[in-house]
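Labels A, B and C are assigned to the chains in the order they are written; within every chain, residues are numbered from 1.
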């Protein structure tokens, strides 16, 4: 394991040390760079900003929402795609395709071509049924973001879960069927336990990426309407306010938060890895 | 796998799966359709779905404006290079974690994952300065290394999970037969792990392909990949949805085609792996 | 294999590649630019520049936000990735003051620097030294549908007041047919809704800070501004105005769904272009509205070319800038694409040209630019320059946050008063941290 671990060690330590270093300094590039040591001032300032706790809460909401959607629908989709059918390969490509789309593009497409209350596809559908179009991004901003991000990550969950489904012992299922277990029982007592490790992986890996969701928010709501996540807040501090010190302190908080989430997840799902 | 199913059931599955597949695929389909419209048709209200004057004009404009092939080539090198390099480094690491776990293995895994959680934007300035120091701004190899490091935790994790699926008895049996570490990896483990490795490669290739923070911020001309190509079409002053759609289609197409082929490989790998 | 070795090896390799590339050809300059239409057009003519001078040009074209992030990182770290950067009126004086840009004080005689509109020249200078040459300049103005205005029985004055605009907007609104009386930017971001509301506030007698850098967002003038804007948009604006920026409104206007649109003067050439706009033949123009207090609600902006101080190729870069921002370049574009498509708003000579005067929006664009005064943007005195922005490094950060609060109010998530109270805290906090107070 040495080379991978070593590389990661270096890669983690270099940026981490730099982040820690800058978080203790007043580093503002547009003011001439490094303006000296300021102790814990950045940390105090970042956490005492009125945007901090709402941002943490929003982050949790979006990550949790997307995880829920992608796992529930991912399991259902994987089950469906595992069934024999005509054109299986094509359907799989169709389902996996959203994962290939760059986040900026998908956000632009969703915002302008689907969620727009005048021109969007949804608005046309709503009108066709005689309903008033929903103003997605301002009326239900978090839900809209969860939809956009889920669309991108559902394929990932589906692919991983499908891989797991394929290794499910069909004889076991058939035996259970013989014994009179209904489809639901077969699903809950055989398929789901078999999937638990794959679900764990989906949760862990997606959490990492979802914590870092940025382009989707930037393009659609610009951080307004209660969609400012911690990552977005850090982005604003570093690049919009050009305050690297403050942003670095935010980065340290983000790592702490991420580790808490990870520990929590490991408690719940981590035991699946030891089977 | 091959459960006997009635034709009726199969037809039902097919219909349902295609319906769901098309709904999920619809935004992409819409983008592709839009790329063949004129700018005015692209924002027409109500939308024109199929009956417009199909035109290749947008593709012509995009091709004239940017050197697509150069961007594409950079994307292939960066995404491919970082994935391959990552796999080479991760296989031994994941192997030892899965089959020779120590008390610390889980801690190391968790810690590896936590490295991914450092928000990229927070270290933009430090990394940029580092790249200046090393003289590797706008350098493909530097990006290969950086993206490899970024995705390494994911690769290790995925491989670890797939490797865990492989029963340890098989390895013991191989060892009994006198297989060394190298043979064990090459002839026993790897074939069994092909599906896992294949899907890991595919997913990481996509992740690297779509990585749009470092690839945008650390490149200018020589190493700029398709993410930079897209950034020259998204949100201009003025409305160019058809052109953005054309550019997006050009950025998605190669990976979609790759996905198509690898899907066949993947399915083969998957069924192969299921026989245990 | 340590990453350092990898990086060193790659450096060596990169060096080999880059030296061989350098030997193969002569001078090459790299230009970072924004993906707006006029710049894209400029790229198309690069070959002529190369023919004339033998200097090769590499383009890095990015969308505005990515570009800003990219060039700011590079200039503050002295990364040396670009020989020319496309920057705006906000960056030029700040960067110039920091010594990051090559002063453009030895431009050639032929270039005729005095031909650059004083407003543009002033906004791109620091202490009287020009740091960036304007490629095109813009203000904002009212674009309106002459047919709808007539149907409403109203006549647009050349210099309307806000009250007239509100009245006209209400009269033109036709919810049955999705026609909004007025479309304005409510999208968060200092360059989007933030720019609009700030310029509008000037005409309401509001200011962001007083002479001592104390935030003034709790003032009555600001409350009036925001209540007026929000009230008018709720009455007559599009449903999603809180997420609409330049592009969204352009799309609505081109589809014939807006009676009026107050936005950048460059939009005039888009809305009058029959290829893109369904209403191209019925668009009228007027100055941005005021309240009779002096300042109008129009802004001033320029996209300009600047040379970073770290470049090795400043001579070639200067040659390019002189070429691209010259009167000759304007002629070149006019010859090939018609006068309506030349980069506007930078040079007086363009507006003296009778050919250009025939373009329907030419005079109103010039009048709008001339009526904007960045050094005295407000009714009460302020310690900063800039109309829709303050030329200080912290502005982009805190004003984006402020505009987020405003957008939340437009979306009905908080009241205008709550938004202004938060904005007041945000501005004071930022200015205090930066040492202004």
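By definition in this document, a contact is a pair of C-beta atoms (placed from the backbone, for glycine too) under 8 Å apart; a residue touches a chain by one contact, two chains touch by 3 or more.
Fair warning: this is a prediction, and the values are worked out from it, not measured in the lab.
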item	value
Chain pair whose interface holds the most contacting C-beta pairs	A-B
Most distant chain from chain A by Cα centroid	C
Mean-CA-position distance for chain C and chain B (Å)	37
Between chain C and chain A, distance of the C-alpha-averaged centres to the nearest whole Å	34
Separation of chain A from chain B, taking each centre as the mean of its C-alpha atoms, in whole Å	16
Residue list for chain C, restricted to those that touch at least two other chains	3, 65, 69, 73, 76-77, 251, 255, 257
Multi-partner residues of chain B (at least 2 other chains)	43, 45, 124-125, 149, 231, 234-235
In chain A, residues with contacts to at least two other chains	3, 7, 11, 29, 112, 118-119, 239
Of all residues in chain A, those that touch chain B in their complex	1-5, 7-8, 11-12, 14-16, 18-19, 22, 27, 29, 77, 80-81, 83-106, 108-110, 112-114, 118-119, 121, 124, 151, 154-156, 159-160, 162-163, 166-167, 170, 173-174, 197-198, 200-201, 204-205, 208, 211-212, 214-215, 219, 230-231, 234-235, 238-239, 244, 247-248, 250-251, 254-255, 258-259, 262-263, 266, 270, 273-275
Chain A partner contacts - residues on chain B that touch it in the complex	1-3, 5, 9-10, 13-14, 16-18, 20-22, 24-25, 27-28, 30-31, 34, 43, 45-47, 89-90, 92-94, 96-97, 106, 108-127, 130, 149-150, 152-154, 156-158, 161-162, 164-165, 195-196, 199, 202-203, 206, 209-210, 212-213, 226-227, 230-231, 234-235, 241, 244, 248, 251-252, 255-256, 259-260, 263-264, 267, 270-271, 273-274, 276
Residues on chain C engaged by chain B in the complex (per definition of touch)	3, 6-11, 13-15, 17-18, 30, 32, 34-37, 40, 43-44, 58, 60-66, 69-70, 73-74, 76-82, 246-247, 250-251, 254-255, 257, 264, 266, 270, 275-276, 278
Interfacial residue positions of chain A with respect to chain C in the complex	3, 6-7, 10-11, 28-33, 45, 49-51, 111-112, 116-119, 133, 135, 137-139, 141, 218, 220-226, 228, 236-237, 239-243
Residues of chain C touching chain A in the complex	1-3, 65, 69, 72-73, 76-77, 94, 98, 178, 187-190, 192, 238-240, 242-243, 248, 251-252, 255, 257, 393-394, 396-398, 400-401, 403-405, 407-408, 410-413, 422, 425, 429-430, 433-434
